[in-house]
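Would you mind keeping the following structure in view while I ask a few things?
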Amino acid sequence: MRDDDFIRGNIPMTKSEIRAISLSKLLWKKNLIVYDIGAGTGSVSVEAALAVPAGRVFAFEYREEGCNLIRRNAKKFGVGNITVVRGMAPETFQGLPVPDCALIGGSGGFLEEIMDRLFVMNPEIRLVLNIISLETLARAVSYFENRGLEAEIVSVTVAKAEKAGKYHLMKGQNPVYVISVGGTGQFHVDRR
Amino acid sequence: MRDDDFIRGNIPMTKSEIRAISLSKLLWKKNLIVYDIGAGTGSVSVEAALAVPAGRVFAFEYREEGCNLIRRNAKKFGVGNITVVRGMAPETFQGLPVPDCALIGGSGGFLEEIMDRLFVMNPEIRLVLNIISLETLARAVSYFENRGLEAEIVSVTVAKAEKAGKYHLMKGQNPVYVISVGGTGQFHVDRR
Amino acid sequence: MRDDDFIRGNIPMTKSEIRAISLSKLLWKKNLIVYDIGAGTGSVSVEAALAVPAGRVFAFEYREEGCNLIRRNAKKFGVGNITVVRGMAPETFQGLPVPDCALIGGSGGFLEEIMDRLFVMNPEIRLVLNIISLETLARAVSYFENRGLEAEIVSVTVAKAEKAGKYHLMKGQNPVYVISVGGTGQFHVDRR
Amino acid sequence: MRDDDFIRGNIPMTKSEIRAISLSKLLWKKNLIVYDIGAGTGSVSVEAALAVPAGRVFAFEYREEGCNLIRRNAKKFGVGNITVVRGMAPETFQGLPVPDCALIGGSGGFLEEIMDRLFVMNPEIRLVLNIISLETLARAVSYFENRGLEAEIVSVTVAKAEKAGKYHLMKGQNPVYVISVGGTGQFHVDRR
């Protein structure tokens, strides 16, 4: 889905290419329980919700503006299987269904606590992280190393052409680290 | 899906991140007729076929080794809606169902002829190109410019961590240009 | 030299990393005649002038604002061997000393005419191009191909950390194509 | 200088573009004492030595093969102001002249000890690091943060065209983090 299709406020949005890569590493069938942590505008939540029509997406976001955007985007795309949860993860996980997988786009500084909690809820959870700061990258790498988990770590750098007169100028986007780890049964991705 | 999941020969394979981005720009519902032109190992065909269970993927490939790999990968993933077509596009399109969308991963030097033919078959076709050479990039940009088509052009550069002792070294992959153009009705990507 | 050291107006400036790479491919001794074509703020001219103290840099720029910036930056850095030439290349080359090397940062659409003229003036000229548009890239690649010249073509993508609270966020810059070609005697770069 | 100009063994060499960027951030006049730590093939040492003809480069390398390569490359380029020091930094610094600047291309795991020692020898030393592993990146960022030093951190991703028939294919190189910090008087880079 295109970035321009989403209603956007002042909240940074995961760009479409990063969304596509992240969801391809996160989802493998249609009835998953998905946590979208630091859901922002809800672009990931909406696209994930469309990909798991028999499942459910929980969108965790602590900013009121973000929660409103997620609801508006869900409505715009006619998506009924998103639940917006306002507050600070991981305490907002309390009482919710056990996730099959989780995308962490923002952690409010509680990265380790969030991952600890997720692994307690489901030791075989599939996790994908979108990281833009060197500090969070270091903490994530260190976390998985300490747990003996072999994570896949990729950095993705996208440039997009903009028209300037008759020229296409390539405009650089910010690089994103996409880390994925854990899960079983992802061998055969099958969304039929 | 992971690159390692596919059976690979001596034929270059589209990397998983490029596949995810390309398919996210190519497909928008479950019953599409998809052309995968220069299908190589069939990794794009297989993943597309899983995403359009009510549709069909035609995998065009001129190398015998490639055709065999596509068939083996389709079988491995239990995919029944791929038709392998051996030969040189665009003449191999003859007599086949009109495509809703096409991914061009290789053109055997016939890029313009292939696109001309696709636009004749379906003037509203959705096209995605994966390009790795500067010459093909120039020809594609020029083709769309001459037709007055506003294409989206992105370059994608991925690096992937490799373990060396206790260190993660980032290993650069080759940059790929992903161009997408045309189509209608892609506003609402919905694979439910 | 740091970008912040230069006086900047509304004219785009070659970033320090691109400058360093380009000059390393352009210069090989201290007494060169250097053409800086599309000199902009003069950052390349100033740094080149410092590297060829026994030579001379001709900074070609058609915008009055650019010419003023180049003069102010030359003065700021105490550089006496820059000559600012206002107007549109290649006609501004008329009557000037034959260049040993030239950096083309902007061509005002006259890329081929500029290079034709440079090769007439000095068939063994060393050329470096900084390119940001796909159209200019295509024209440059095609030009060297038609002349049978084997150019080195690199794309350079830089991201720079910005501090946001206690985090370093990587901010992407626009990718630049750096093409270099021609010259003799560059084997032994020696600025002593 | 071109990578192919250097004699190379089985030791990884800093690529020319990274060398150019690193030296542009490291050197600012002709009479500097430069430490090249983890000197490898000596490509950085040789290019630095040519840029500081009135200064001296100390090339620290613990592999015998590396030390030989450095000597051979220094000889090939007629460079007389390089001193090869075999052994493990920082103890190999003992008794040597105080450095004005140092490039750390490899640390043998002793990154903090090396930097501690360098800052003791010269509190205003100019430091540039070339980093390819996420672990070393994390340690470097953390080190400067703890010391209250504002480092400049850039990542550099280069792709280089290779000819395949009549096509130029862009081949990705490994991304390198270049961190620079410290120093005074670098405002006016002047190698005249």
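Things worth noting here:
Per-chain numbering from 1; labels A, B, C and D assigned in written order.
By definition in this document, contacts are C-beta pairs under 8 Å (C-beta built on N, C-alpha and C of every residue); 3 or more make two chains touch, one makes a residue touch a chain.
Treat the numbers as computed from the prediction; the structure is a model and nothing was measured.
The most distant chain from chain B is D, comparing centres defined as mean Cα coordinates.
Counting C-beta pairs in contact across B-D and across A-B shows that the higher total falls to A-B.
Centroid to centroid, with C-alpha atoms defining each point, chain A and chain B lie 25 Å apart. Our note on geometry: chain B versus chain D, Cα centroid distance of 42 Å, whole angstroms.
Annotation for chain C: residues touching 2 or more other chains are 134-135, 141, 153, 155, 157, 159, 161, 168, 170, 175. If you check the complex, the residues on chain C that touch chain B are 134-135, 137-138, 141-142, 153, 155, 157, 175.
Touching chain D in their complex are the following residues of chain C: 1-2, 5, 16-17, 19-21, 23-25, 47, 50-51, 53, 77-78, 141, 150, 152-161, 163, 168, 170, 186-192. Interface residues of chain D facing chain B in the complex, by the touch rule stated above, are 132-136, 157, 159, 161, 164, 166-175.
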